[in-house]
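What follows is subunit A paired twice: with subunit B in the first complex and subunit C in the second.
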Partner chain A sequence: MIHVQNLTFSYSKFPFIENMNFEVGKGEIFGFLGPSGAGKSTLQKILIGLLTNYTGSVQVNGCETKRKNRNFYEHIGIDFEFPSFYEKFTAAENLNFFASLYQMPCIPTKDLLAMVGLSADADKKVSGFSKGMKSRLNFVKSLLHRPDILFLDEPTSGLDPTNSKQMKEIIADCRDKGTTIILTTHNMYDATELCDRVAFIVDGSIKALDTPHNLMLAKKENILEYSYLENGVEMQKQTPLKTVSEDTLLQNLIAENALLTIHSKEPSLEDVFREITGRELK
Partner chain B sequence: MKRLFNLLKGDILQQYKYGFYWLYLFVTLLYLIALYFFPDGWKTTVGRVIVLTDPMLFGYMFIGAIILFERSEKVTNALSVMPIHPIEYLFSKLISLGLISLLSSEVIMLGGGVPQHCFWTPFGILAGSFLFTMVGMIQACRISTLNGFIMWMIPTMLIAILPPILYLCGIDGWWQQLMPGTAILQIISNNHFLWLPSLVLSVYLLLAFWLAMKNIKTLLVNE
Partner chain C sequence: MNKALFSSFRMFVRSVVSDGMLLLMLVMPILMALLFKLAVPALVAQFHWTFLPSYYLLFDLFLFTIAPTFWTFASSMTILDEMDAGITPQLIVTPVGKFGYLFSRLGFPSLLSYPVICIIVYFAHLSSLSVSAILQLALLSMVSCLLPSLLVICIANNRVEGMAVNKLAGLLGFGSFVPFFITGWQQYLFAFLPSFWLAKFAQTDNYFFFALVLLLTVLISWGLFRKYERKIQ
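Let's turn to the complex of A and B:
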């Protein structure tokens, strides 16, 4: 669905994105993970044809994005970071209007609103919507024409846990129906949960690219953490999982049934990110 | 074609929701009443000045407001990744504001007893509305605040209105013939084809069209 080869791009005379390569397959959720200013939005703008003065090749849905025509947008959907609506229109009027600009039949407005729990607000003006409501409306606006590729920029930011979960379910559902999804985020929980593969982006280049699972396994060793009482004081200890048989203290505690807590700790994607790139995600 | 029609529907709904049509109605009625009190000998001249200045320059002010609203609401961002073409965006705005301009002008002229030609007068009104809508559009694409737009408004109005007013007062220099306002005034006041005003107006329209398209392309991509 997406082929990027030797992509080089810069806003100024200093190089920014240099010789970037990656591919995204059909029905995959691919995450761009990186700190602020890393170039995630820039990369997204190149992929959706808004920045065209790059060199190298960027093929999206079989089309070199710098040579796209307006038809290109019949098949891709974009949820920008900031909501964009006619504030004086109601939610339904907004969706109906945007849907009317596509050639193919769109998902009915009332189904879209129901998907994100906005059915009761269909006839309210968007100017009166809260930030989270606008985010949800913006999200369904991006998928109303059943795009083949969906670009999501921080879709869950500003949402409460319930709505955030609901949105992630919709995203996974789209993937199951064959939609390719590019997810841009700083949120490593979302990335771990949703993405089939993630790319770590820092300073305009990809520092690592793999499934969240492989990234987490490959990098840091897993640790067993346990606690016990010693002279009435709670003590905590960590031991690498692969040498756990050498920990005699643990064995004694087990034999005496004296453990207070015990759990294995896998490194989070955030830990891995820090280790590979030397940078914090936020 | 279907997309242009739907864009137009959206624009009309938007203009309605912002109360533009009520404003048009109010101003049109106000002018009709004012015209009623002018002596018969004056009605034609005053009526033409009203038609020249008001409905057309309303298009100019409204398009300024519309573009600034759409930019602040980021609707232009949304449209930049939808399958609409810049020319459809432009035509939808021109048609919606042109038609309301024409309607309001016709009400003033028919209601106020101002004589007109059945083709050249509406033609001139529409061409004038298109021109000033595009001028407003170009300016609103380049500045970002309402105050900035108002700064542009004053010189624009003067350039648009002063030459035809002077012309009506009997001052008729060659330079006035090259101004868009005079060209429009002559077209709407005559009942036959005038080659010089038509040529002048065509040149302005083409220039404005070229600049408007350039600015819309930037507007629909770069923000």
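Let's turn to the complex of A and C:
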């Protein structure tokens, strides 16, 4: 669905994105992960054909994005980071308007609103919506024409856990129906949960690209963390899980039933990210 | 014709109609034309301002610009509102597209103003204008009135800034005064203004000037469109 080859782009005369390569297959959820200013939104703008002065090849849905025709957008849905609506009009009016721009029949507005729990707010003006309500409305706006490729920029930011979970279910559901999804996020848990593969992006280049599972397995060893009392002071210690039998202190503590806490720590995607890129995610 | 383009235009009409000030812009041309038709000859008769009739052609040139000026003003205000609300980037990644968006906001109202210009001028003109002259001058006015609007949406970022820039952009139309008041070579200092050549064409009927208006407008519009394109990406 998406083939990027030797992509080079910059806003200024200094190099930014250089010789980037990756591919995204049909029905895949592909994550862009990286700190602020890494170039995630820039990359998304190139993929959706907003920035065209790049070199190299960027094929999206079989079309070189700088030579796209109007038909290109019939099959692409974009949920921008910042929701945008005609605030004077109601939620339903807004969705109906956006639906009227496409040739093919769209998902009925009623169903879209029900999907994100906004049925009761269909006839309220968007100006009266809360931040989370606008995010949800913006999200369904991007998928009303049943796009083949869906670009989501921080879709769950500002949502409460229930709505966030519901949205992630819809995203997974779209994938199961064959939609290709590009998910840009800072949220490691969302990425781990949803993405089939993720790309770590820092300073305009991809530092790692694999399934979240492989990234976590390959990079960091699992650790056992425990605490105990020594002269009335609580002490904490870590020991690699695979050499746990060599930790005599731990064995003594177990023998004396003197452990306060004990648990194993699996590396999160966040730890892996820090280790590979040397940067914090936020 | 393209479905997306029409839907987008319909939304423009709804936005204008739901906004009191912009709605007024739609009807203003007719009110102003009436005022002119009645007031100018009355002034001549009442106060014996006999110098006025020699400027009747200039008054008529002004008449040509009323409808496109007000209507494209409504366009630029709507475009700025949409830019401010973040809707513009959203619309250009739908089948409407970058050019289609601008066409549905500026092109449609501008084209629709053409018959209105012709009707207004036909009924309210003061100088002796033939029907064919009216049709030709209306075309040039319609086209050159795109420039102030394009300038506004290139420079301003919201409605308040837009109003300020619009006052400045209005100066583009003052080229029409030049041939009436400056007869020496100095008048060509204003040769970069399409409105200057428009007035020259109205005075002389020379089609070279007609072509110059079109050429200059297309060139400047293209430059402004490219600038606008960079602004919204």
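Following the convention adopted for this analysis, the second predicted complex is superposed on the first by the 255 of 282 C-alpha atoms of A that agree within 3 Å, B and C clash if a C-alpha of one lies under 4 Å from a C-alpha of the other, contacts with A are read in each partner's own complex, and residues count from 1 in each chain.
In the analysis below, a contact is a pair of C-beta atoms (placed from the backbone, for glycine too) under 8 Å apart; a residue touches a chain by one contact, two chains touch by 3 or more.
These numbers come from a predicted model, not from an experiment.
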item: Combined model on subunit A: subunit C and subunit B, fit or clash; value: clash
item: Partner chain in contact with A:186 - subunit B first, subunit C second, else both or neither; value: neither
item: Touched partner set for A:40, first subunit B, second subunit C, both or neither; value: neither
item: Which of subunit B and subunit C A:134 touches, first, second, both or neither; value: neither
item: Footprint overlap on subunit A, comparing subunit B with subunit C; value: 48, 50, 70-71, 73-74, 76, 78, 80, 82-89, 97-98, 100-103
item: Interface residues, subunit C side, partner subunit A - complex; value: 2-4, 7-8, 10-11, 14-15, 18, 85-87, 89-97, 100, 233
item: Touching residues (chain side subunit A, partner subunit C) in the complex; value: 45, 48-51, 70-71, 73-74, 76, 78, 80, 82-89, 97-98, 100-103
item: Touching residues (chain side subunit B, partner subunit A) in the complex; value: 3, 6-7, 9-10, 13-14, 17-18, 69, 73-85, 221-222
item: Subunit A residues within the subunit B interface of the complex; value: 48, 50, 70-74, 76, 78, 80, 82-89, 93, 97-98, 100-103, 141
